[in-house]
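What follows is chain A paired twice: with chain B in the first complex and chain C in the second.
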Partner chain A sequence: MEKEPASKVELAPDVAGGEVPTFDVTLKVRRYNPEVSDEAHWDEWKLTMYGTDRVLDALHKVKWEHDGSVSFRRSCAHGVCGSDAMRINGRNRLACKTLLKDLDTSKPILVEPIKGLPVEKDLIVDMEPFFQSYREIMPFLISKGHEPAKERLQSSEERDRYDDTTKCILCAACTSSCPVFWTDGQYFGPAAIVNAHRFIFDSRDDAGDMRLEILNDKEGVWRCRTTFNCSEACPRGIQVTKAISEVKQAILTRKV
Partner chain B sequence: MPKTLTPAGTLYRGREGQWSWVAHRITGVVIFFFLLVHVLDTSLVRVSPEAYDAVIASYKNPLMGLGELGLVAAIMFHAFNGIRLILVDFWKDGPKYHRQMLWGVVGLWAVVMIAFSIRHLSHVFGG
Partner chain C sequence: MQVHKYDVVIVGAGGAGMRAAIESGQRAHTAVLTKLYPTRSHTGAAQGGMCAALANVEEDNWEWHTFDTVKGGDYLVDQDAAEVMAKEAIEAVLDLERMGLPFNRTPEGRIDQRRFGGHTRDHGKAPVRRSCYAADRTGHMILQTLYQNCVKHNVEFYNEYYVLDLLMVDQEVTVDGVTRIEKRVAGVVSYDLASGELHIFQAKSVVFASGGVGKVYKTTSNAHTLTGDGMGIAFRRGIPLEDMEFFQFHPTGLAGLGILLSEAARGEGAILRNSEGERFMERYAPTIKDLAPRDIVARSMANEVREGRGAGPNKDYVLLDLTHLEPAHIDAKLPDITEFARTYLGVEPYTEPVPVFPTAHYAMGGIPTNIKAEVLADNDTVVPGLYAAGEVACVSVHGSNRLGTNSLLDINVFGKRAGIAAAQYALTADFVEIPENPAAETELLLNRARSSEGGERVAQIRKELQDVMDANVQVFRTEQTLLEALRVIDTLEERYTRITVQDKGKRFNLDLLEAVELGFLLDMAKVMTAAALHRKESRGGHFREDYPERDDENFMTHSMAYKDPSATETSGVRLETKPVIFTRYQPMERKY
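Up next is the complex of A and B:
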C-alpha cells in the first residue's frame, strides 16, 4: 500500500477535527396507511442530531433506527431530483435542503405530505395528476420548417428571457402550495405553467401559440389568484408568480 | 418509542400573499351580501315609497352604524387590494413589490378608516 500524499491544504491543528455540535429535536410525522386505517395520525420521535443535519437526515434516522415503516420519497438527497418535497412546519420544502438548525428546535418539527394530491402512504403522494398537467403543456421543443444543418442559434439575451423557468425540478412544492390547486385539482398549477413559460419564451420554439391556447383554458392561468405561495415554496428560487403573470400577459397581447 | 397523537393536519403557513387573498375573498363575500340587501331595499321604492322610508329609518340605530363601519372597512380593503392585484398582474415589477404594495394597501386603508371612523361614529353615537 502506497502512503497517501500529504494534503496540499494547510490547516491549523485547531481547525481540523472539531466536534460538530449536537442537539435534540422532536420530529412529528403525519402517518397514513390505508391498509391499517383510514385515519391519519401523528407519530413522534426524539432524536439527537448534528448541526449539519437536514430534515431528510432526521427522517433517515427514524427509518433506519426506529421505525422502518415510515415511508417517504428521496433519490439524490441533494436538492436536484425533486423527490422529497414535503410540508415542513406548515410550509412546502425539500427535506434535503432544510437544515434542522434553521428550524425552531424548541418545538416539535412537523412533517406532513404535500397538500392537494392523494396521499398513498405517509409522506408519499400520487404525483400522476401533477405530471398529467405537465404533459398537457407539451414540455418539449417544437419547431417548424427544416432542421438547421448546424445548431439552433440563440443570443444570450434570448436565452435570458426564460432562464428562470429552466430551473424547475418538478418537485411539486409550488403546485401543492397553491390554495386554488387544493380545492380545484383540475387547475394546471404553477409547475405546469412554469414549464410552459420555459418554451413559450424560447426563441427557438414555434409552438408558443398552441401552449398559450392551452393555458387560456378556464383551468389555465386565469385560475391564478397571485397568493405567492408558489414563489415562496420553490426550492430553486424561481419567481413562479412572475412567470405566471408573464404568461397571462402573453395570452392577452399575443406577444412573447 | 413512538407515541401516537391525535390526528390533525396543520394549516398551510403561507405569508402575506395567502392572507391578503383570504381577506380579499372574505371582504368580497361581505360586499356581495350587502349589495344583495341593497338592491332589495332600494327596489322597495318602486313598490311603495313609504315602505322604503320605513326600512331606511330602521337602519338608523347604533348596531347598523357599526355594521356600516364594517362595510366601509371591507369595501376599502377590497378596493385598494384590488388595485394591488391588477398591478401584480399588469405592472412589470408588480410581483417583485407585491409585499410592499400590500403594506401600502394596509396603510392607505388605515388612514381612510381612521378618518371615516371619527366622522361616522360621531354621527352614529353623537345623535
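Up next is the complex of A and C:
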C-alpha cells in the first residue's frame, strides 16, 4: 500500500481544466410569509451564474443583490451541515450540493420548501416534528454492564455493519420526500429509522430490542411502502430503503 | 420581554458547547443557546481526526504530543495548557468512544490511528500515527455523538436564538482590606429568530462556545455563520482578545471554492505537486515533507504560485496528487473529500490531481482563558462566572499555528473543563442582578439596522471586506498591506452606518441578522489587522515579509487587543502584551 511517490512526474497537458464559463438561469422561488399574506406565490429572477455555482449561490445572489427578504437556512455550504434541504425541480436536495450546470437551465429552476413540515417563511420549515421523531427512537448508545477502562473492542466488520447509517446529517431530505409522511404526520419517517438502524446494528449497543419495539408501532417501519424516494433524496448516499428493510427484517426475526 | 433563569447558559452548540453541556447539564440547570440547530455547527465539517497518544498502533506518549503542539505553535503556546490538552486527550477520545462514537478500528478491534501534519515520534524524528478518526468525517461523528448524548441527558436547547450581548456589572469587592471593582456576569441578551423577540437569560455562569470568524475572508473553509459573534460581543464589552493576528490558512482548500480537503489525504499518502509535476515540499521541509505543519505548507504553496509554478489556466493553484494511492484505500479512508472534488470541481481523484490552494480555516486567537476555561479581563484577572472554550477562546494551546486534529481535541478537553467549572461555580455563587434596561443596547443596535435608509448593501460591504482581507491580511503580510487593510476597513465601517436592510418583518429575519453579523466581522477584521501590524516579526501563521524572522527578544509574548477609542492610530484597537507560560521546552529554531 505504501509506496513512496515520485519526486517529479509528467503532468497531463490538460490537467485540471480550463476557464469556467458563465451562463444565465431563471430562478423561481416559492414565497410565503404569513406576516404579509396567507397566500403563497412564486417570484422569479434572471441571473448570470458561473460554472461551479450551486443553487445556494443563486439563492444568495437573489438575497444579496435583489430581495433581502427571501429566506432560507444555510450554513456550511458544502453538504455536511444539513441546513439547506429543499425541493429543487420537484426533487429533494441540498441547495449547496446541487450544481446549476447539472440542472436543465433552459427552463426555470423551481425551488420550494421541503414537504410535510409546516412552512414558516419561504423555504424555512418547522423542523421540530422531525427532531421529535428522531429523539423518540433513543438515538444514543445504551450499553449494559461495566464501563470499560479503555475503549470497547469492535471489529472492522462489526463497524461496517452500521457505517452507512452513521453518515446521516439530519437534513430531512428523506423524510420529507416520503409520500407516507406527507399524508401521515405521525409516521416516524425514514431519518428516524436510519438513526435507529445506526444503533440497532452497533455491536456495542444493548437496547436494540427496545428500539425495535418502538419501530414495531403502527406508526413505525410497517408504514413504509418501499417507494425508494428516500434513498434517491439522501444527499449523503445512504441506502435508506435498505436500512429500513433491515430493521423490518430484524423485527420479524428478532435478530440483528 | 421574556426573562429566563438558568444556573448555566452555554452560547453555541458545536463541539465545545455540547461537550460542556453534557457535563453542566448533569450538575446544574443548564440551557444551550444556538443560532443554528445543534447538528448544523461547523464542528461537523472537520474531517481528519483527533490526536491522542493512545499508542494503539505504534509507540507514542503524551509528552511527545505536548512537544509537537508547542513546536507546531512556534513556541507561542502556553505550555501548561498544552500539557493539559495532550494528557487529557487520551481520556477525551475514550469518553467519545464510550458515548458511542464509531471510530475506525485496528485489526484487533481497537481505535485505529493515522498520521497527521506536525505530529511526530520522539520530538520530530518521524511522523507518528496519533490521529483517531472515523473515515474522513470525524467532526461529523463527534458532533452527532455529542448531540446524541445531549438528547440522552435531556439538555435544554434554544435553537435559532442569536446571543447578541453579554450582561456584566461592575461590583465592588474587598479582599484583605483592598477594595477594587470586579466585573461580574449577569447573563446574556438573545434574539429569537422565529419571532424577532428579545429574550434575557439570567445566569450565574455563561460559557462562550460560539466558534470562529472565518467569514472575514473570501476564500474560506468556514460556514457562512462563522462571523465572530462571541469574540465581537466580548470585545465590545471590554474583554481583550488574545493573539488575533494568528489565523490559520489550511493548505488544501478546493481551488477557487475554499472547501476543505482534509490533511488526512496527506496523512494517507497524498502529496502536493506544482505545475512542473514536482513534489515541492521536499525542498521546504526535507524530513517530513508534505506532512509539515499547515503554516509552512500553506506558505510553500503560495510561494510556488508567486514564483510562477502554479497550475491551471491562471497558474493560481497547486495540485494534490492521490493518483498513486489504491482506489479501495481512498474509498475506505477518504470517501467524503474525494466526493467533494468530484461534485464541485468535476475532478476524479483516482486518476487526476486535484486543484488546491490555501483557504482561511481557523482563528488561533480569541477570548483569553486560563486552563480552567475561565475568561480573563486582562493578563490575570478572572471574570467570575464567565467561561470560553473552543475556537472562540484562546487558552492558548495553538500558539501561532494550530496542528491538525488539535481543534477537535481542544473542544473536547476544554469544553468538558468549561462545563464542569461553570456548573461548579453556579452551585456556589448567587445570581447577579440584571442591570436596568438590559436589552437597551441590543435594541438600539437592531433598530438602527432596521430603520437606516442609507442605501448601502450589507452583502456589498461584506464582499469588499472579504476582498481586502484576502488581498492584504493573508499568508503574506507587510506594514503596507496591513495599513491599506485598516484604511479600507475604516471606510467600510463608515458605510456600514448607512446600510439598508430590506426585510422589515419580525419573522425569521435573516436579512437583519446578516447586518448584525457584518458588524462583528468588521470589528474582528480590525482587531486582526491591528494585531498583525503590531507584531513586527514572523511566527507561525503570521508571516511579515518586512520582518521575515522570528524575534524572540521582542515578540515572545501574546498580544492582547482592547477596544479603546483613544487608540486612533490603529482604528480604536489598543495592543498590549501578555507573557507566554513556559514549563519544560525552551524555544528552538523550528525546522521540519
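Annotations for the structure displayed:
The rule is short, and it goes like this: the second predicted complex is superposed on the first by the 237 of 256 C-alpha atoms of A that agree within 3 Å, B and C clash if a C-alpha of one lies under 4 Å from a C-alpha of the other, contacts with A are read in each partner's own complex, and residues count from 1 in each chain.
Criterion: contacts are C-beta pairs under 8 Å (C-beta built on N, C-alpha and C of every residue); 3 or more make two chains touch, one makes a residue touch a chain.
If you're wondering where the values come from, they're calculated on a predicted model, not measured in any experiment.
In the superposed model, A:D67 makes contact with both chain B and chain C. Touched residues of chain A, counted separately for chain B and chain C, are more numerous for C. In the superposed model, A:R135 makes contact with chain C only, not with chain B.
In the superposition on chain A, contact is made by A:E147 with chain C only, not with chain B. In the overlay built on the shared chain, the residue A:T26 is in contact with neither chain B nor chain C.
Of the two partner chains, chain B is the only one touched by A:H41; chain C is not. Judged by the touch definition given at the top, the superposed model places A:N216 against neither chain B nor chain C. Contacts of A:T105 after superposition on the shared chain: neither chain B nor chain C is touched. In the superposition on chain A, contact of A:G79 is made with chain C only, not with chain B.
On chain A, the surface touched by chain B in one complex and the surface touched by chain C in the other have residues 67 in common.
For chain B in complex with chain A, the residues that touch the partner chain are 2-18, 20-21, 85, 88-90, 94-96, 98. Those residues of chain A that touch chain C in the complex are listed here as 1-3, 5-12, 15-20, 33-36, 52, 63-65, 67-69, 71-83, 97, 99, 120-122, 124, 127, 131, 135, 138-141, 147-148, 150-156, 158-159, 162-163, 166-170, 199, 202, 204-205. Against chain A, in their complex, chain C makes its touches with residues 36-37, 39-42, 44-45, 93-94, 97-100, 102-105, 107-111, 134-135, 137, 140-141, 144, 148-149, 151-152, 194, 223-225, 255-257, 259-260, 269, 271, 273, 275-279, 282, 311-313, 317, 319, 321, 324, 326, 329, 336, 340, 343-347, 352-355, 457-460, 501-503, 505-511. Against chain B, in their complex, chain A makes its touches with residues 28, 30, 39-45, 66-67, 87, 89-91, 110, 112, 115, 177, 179, 225-229, 231-232, 239, 241-242, 245, 248-249.
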